[in-house]
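Structures given as structure tokens follow.
Each of the next two complexes has chain A plus one more chain, namely chain B in the first and chain C in the second.
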Partner chain A sequence: MPELRRDPIIGRWVIIAKERGRRPTDFIIAEEPVRGGFCPLCEGNEHTTPHEVLAYGRSHFAPDTPGWSLRVVPNKFPALVIEGDLDKEGEGIYDKMNGIGAHEVIIETPRHDDVLHQMPVAQIKLILMSYRDRMLDLMRDMRFRYIIVFKNFKRAAGASLEHSHSQLIALPIVPYLIQEEINSCLRYFDYKERCVFCDIIRQELATGSRIVCENSNFITICPFAPRSPFEMWLLPKRHLSTYTDLDDSMLDSLAQIFSETMKRLNAAIPNVPYNYMLHTSPLKQLNIEHYHWHIEIMPKTTMVAGFEWGTGFYINTTPPEEAAKFLREVRLLV
Partner chain B sequence: MSADKKKILVVDDEEHIHLLYKEELEEEGYEVRSVLSGEEALKLFDSYAPDLVILDINMPGMDGIEVLRQMKQKRPATPVILSSAYPEYKQDLASWASDDYIVKSFNLDELKRSIKKHIEKNNA
Partner chain C sequence: MPELRRDPIIGRWVIIAKERGRRPTDFIIAEEPVRGGFCPLCEGNEHTTPHEVLAYGRSHFAPDTPGWSLRVVPNKFPALVIEGDLDKEGEGIYDKMNGIGAHEVIIETPRHDDVLHQMPVAQIKLILMSYRDRMLDLMRDMRFRYIIVFKNFKRAAGASLEHSHSQLIALPIVPYLIQEEINSCLRYFDYKERCVFCDIIRQELATGSRIVCENSNFITICPFAPRSPFEMWLLPKRHLSTYTDLDDSMLDSLAQIFSETMKRLNAAIPNVPYNYMLHTSPLKQLNIEHYHWHIEIMPKTTMVAGFEWGTGFYINTTPPEEAAKFLREVRLLV
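The block that comes next holds the complex of A and B.
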């Protein structure tokens, strides 16, 4: 019989269709054809991007030139613009403001064919460090309320370029999904005086059935009520609400587990498209007791359609306990 | 046909766009040639050697992004302006290989400004 499960944070229900029990081998993902041709993100083509706002790895000081290990550039055709005032106003019951924001692209590697799950841990650390460093810079802009970092991997997950990249968008509002998550965490905290994510981590460590991997500082789990097969959350074990508080040694530790997590995912379902999203506290609510930063990793193995859009329910054909077991036990190539 | 006229290649699967661009851009002193598909455009790109390309994205067969990648691979210095009725393609990072992105309109002022800017930049 299928099982209804409730996410303890935002109260979202999912249907775990246990009897279908799809194993990773049921998700055969065909390799996407390589499009080839000119790539604006490759080393040597720096002139085709807007001027970089951050670069690591160059031994000289000439911006927008080769020799880098990672670059961050503003979006060439941004949906939101950085210059201007918000000019918030009401129009009857409706609210509006100018489309102010920052939209940046993190070019994760100079090489076109590198993929995240095969990168050295040191390169993954640079990626994670760039998220922190760009957030720290953009936080100084008083117009912004929230910064989201995300990655779309492969066309099916929304990526239009093969060259490995992630994106950052600074917004003048806190997105409602994040606000809903934070409000729910606050309600839990008001009731129990504990962070709900800390309680989840404690319980997962005690039971162990949904753990994918862990190290001394971080843990990756398949959540109790996942929206899709093989959904994973990566969290710091210690209470930390704000990603920008990560120091160098924590970044080392995060890079190690993030690398392992992505390797396990690709080993379980080769070529799987995915999205990941970094959820951290809003810019006006740093270091709060009731929230816990984390990375949500969503493999693209199913279609979101009318039922999901209409109800907010999700149907998941792989119970997280089975997904976690498979991810834990999958053989990694060294 | 004057030898010093700058040559523009228009790639669009709609013939009324060809007529509109030809009329307006020839009035500006450009020489204009138009093709209906990406495949034709790539052939002509070599033999015609345009000074600038105006390229639609949504076309049957080879789409504009694929054509853009191949043109930039062949001759990166030739400016390519993407011209689409769909502003959402701006969010497609593959469009970054272009020199500009103009949302299609019957008022060609923005397109003409962009053409002038990129042709002048290339002449500088």
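The block that comes next holds the complex of A and C.
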């Protein structure tokens, strides 16, 4: 059973998920994952993954068989496990609990070589829909407080498998950074009676210099204080705190701008590794006035080093106005 | 002039330090730095760095000449600049100020191939002394609120030069993470009338399972909730909030345990890249009861990926008790 432990100073939780038999020398970081070889995420290899929890596109009713367009399975090496009780306890001044949670893999395509920025908008819609649908299902488990969806693209951004996939982790606590973000939004709201993200969108639309692209429902910007060059935020223009409230027509619109955003990024910096993270309201705080769901896209163009680790302060060599201009004007291949 | 910008949500500051003429494709991350070639940090090349601000070991009085054992120079490509006024201002809902600060490079040795874990204890003492002495000097500048000292070892940990060096950055604000840490310590102190780090040391000494090494004045532990495998904290056993209060005999003792700690790390995971960061009290809060200076050592054994970016939550595959046991028992080469 993995263990959740809380740092007694900063209140940051970590998951201690022991991999048995690992020796210190196993930690020397490998470069790229071995290409080729067997891929458990490919169509035809469904029997090698844990049983699927969701699949779209199959015309028959046999789970864990070919014929799907998107498939979600539990992670074979989960950071958290679904069975058990939380068992919160102290250990002197320290706090810990059992590593209860869900850890799922969204297999975004049956084809090994598809990459997100080249997929049809309809496929991207399925991906975004699967995030919503898995969240709606997991929200019913009262032990969970937060669900984070994220994608690591390429080894340099932390991906250990080549086949295009995202991940979902349901947590029994609201993570430190999300809680900080929400607390700050609440302070802003208490003072101004407005959502800070709504104010950001209003100002960005007025100035225009940090806009990457937009459609009638969504906007992608380079934020005013980006942690790294070409960081982007994708937000709904209208106030919406909770991702699971997206209806079908909003999903269409989101798929369109998300596709365009990722195409622009790849056109600007070909094959750049990246992470993206879906930030939505906590499970026990749905439809709140002070929070605004969004996707943060972090191209892996720099390394987190001592200064960033020590201070939470980032050094960025590209002003967001310049990055946005480049992303806005880059020639998209069709 | 670099610019400091504040994220309006989380309150995180970033330094926008534009490097002119950089194209997006320049961001594709290089593997290792080119070995060999000219090194500006080597003895004999003093004229290629900005004028030194400190040197130890020279027997004559000509600055920027050979004969030194340790040398500190301003960074040639500083993230922050020393000349100018802060000029704090708003830009709609955003906050910014001029990028005023100091950014220095501590050249730890005149020899290109020396590495920290193989240096004599006396050389390590010079390094630790230079941190103190540069801080004492920079503290007199009333524009500065915090000084962070850190080291990036090897390219994978963010080092862009091979020659053994650390860096110092003096900031006009207390960084977000440090402020959070200090606020938490203050809350603990208000409640318990004790320093949380002192309580941690007491508990670690009592249980013993997370101790890596200790001497009469200092202790190195693997913390209860480490962000990554083999993370270590080095702390003074007696309450001390401010690094610059270290006297000569304490520096001897610190050099001894710091040397041993780095030797143990390298024996456990040969040539592992790492970052370390010196956490000390803010410049306008010296000698406080609720904070405790320490060095955080983070071996680069994992990658920060979407989950960590999105949540501030870390997944660690090695319990600190196991890491500490290994580090404690590893055979040290003499």
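By our rule, the second predicted complex is superposed on the first by the 299 of 334 C-alpha atoms of A that agree within 3 Å, B and C clash if a C-alpha of one lies under 4 Å from a C-alpha of the other, contacts with A are read in each partner's own complex, and residues count from 1 in each chain.
We take it that a contact is a pair of C-beta atoms (placed from the backbone, for glycine too) under 8 Å apart; a residue touches a chain by one contact, two chains touch by 3 or more.
Because the structure is predicted, anything quoted here is derived from the model rather than measured.
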Touched partner set for A:79, first chain B, second chain C, both or neither: both
Looking at A:161 after the superposition, I want to know if it touches chain B, chain C, both of them or none. Which is it: first, second, both, neither? first
When the two structures are overlaid on chain A, which partner does A:15 contact: first (chain B), second (chain C), both, or neither? second
Return first, second, both or neither, reflecting whether A:229 touches chain B, chain C, both chains, or no partner chain. second
In the superposed arrangement, does A:63 touch chain B (first), chain C (second), both or neither? neither
Which partner does A:171 reach: the first (chain B), the second (chain C), both, or neither? second
Which chain makes contact with more of the residues of chain A, chain B or else chain C? C
Residues on chain A in contact with chain B in one complex and with chain C in the other? 79, 159
Provide the residue numbers of chain C that touch chain A in the complex, in ascending order. 3, 5-19, 22, 24-25, 27-29, 31, 79, 91-94, 146, 148, 150-152, 156-159, 167, 169, 171, 175-178, 180-181, 184-185, 188, 196-197, 199-200, 203, 207, 223-227, 229-230, 268-272, 275-279, 296, 298-307, 309-320, 322-323, 326
The chain B residues in contact with chain A across the complex are 65-66, 68-73, 76, 90-97, 101
Listed in rising order, chain A residues that touch chain B in their complex are 35-41, 45, 48-49, 76-77, 79, 105, 159-161, 165
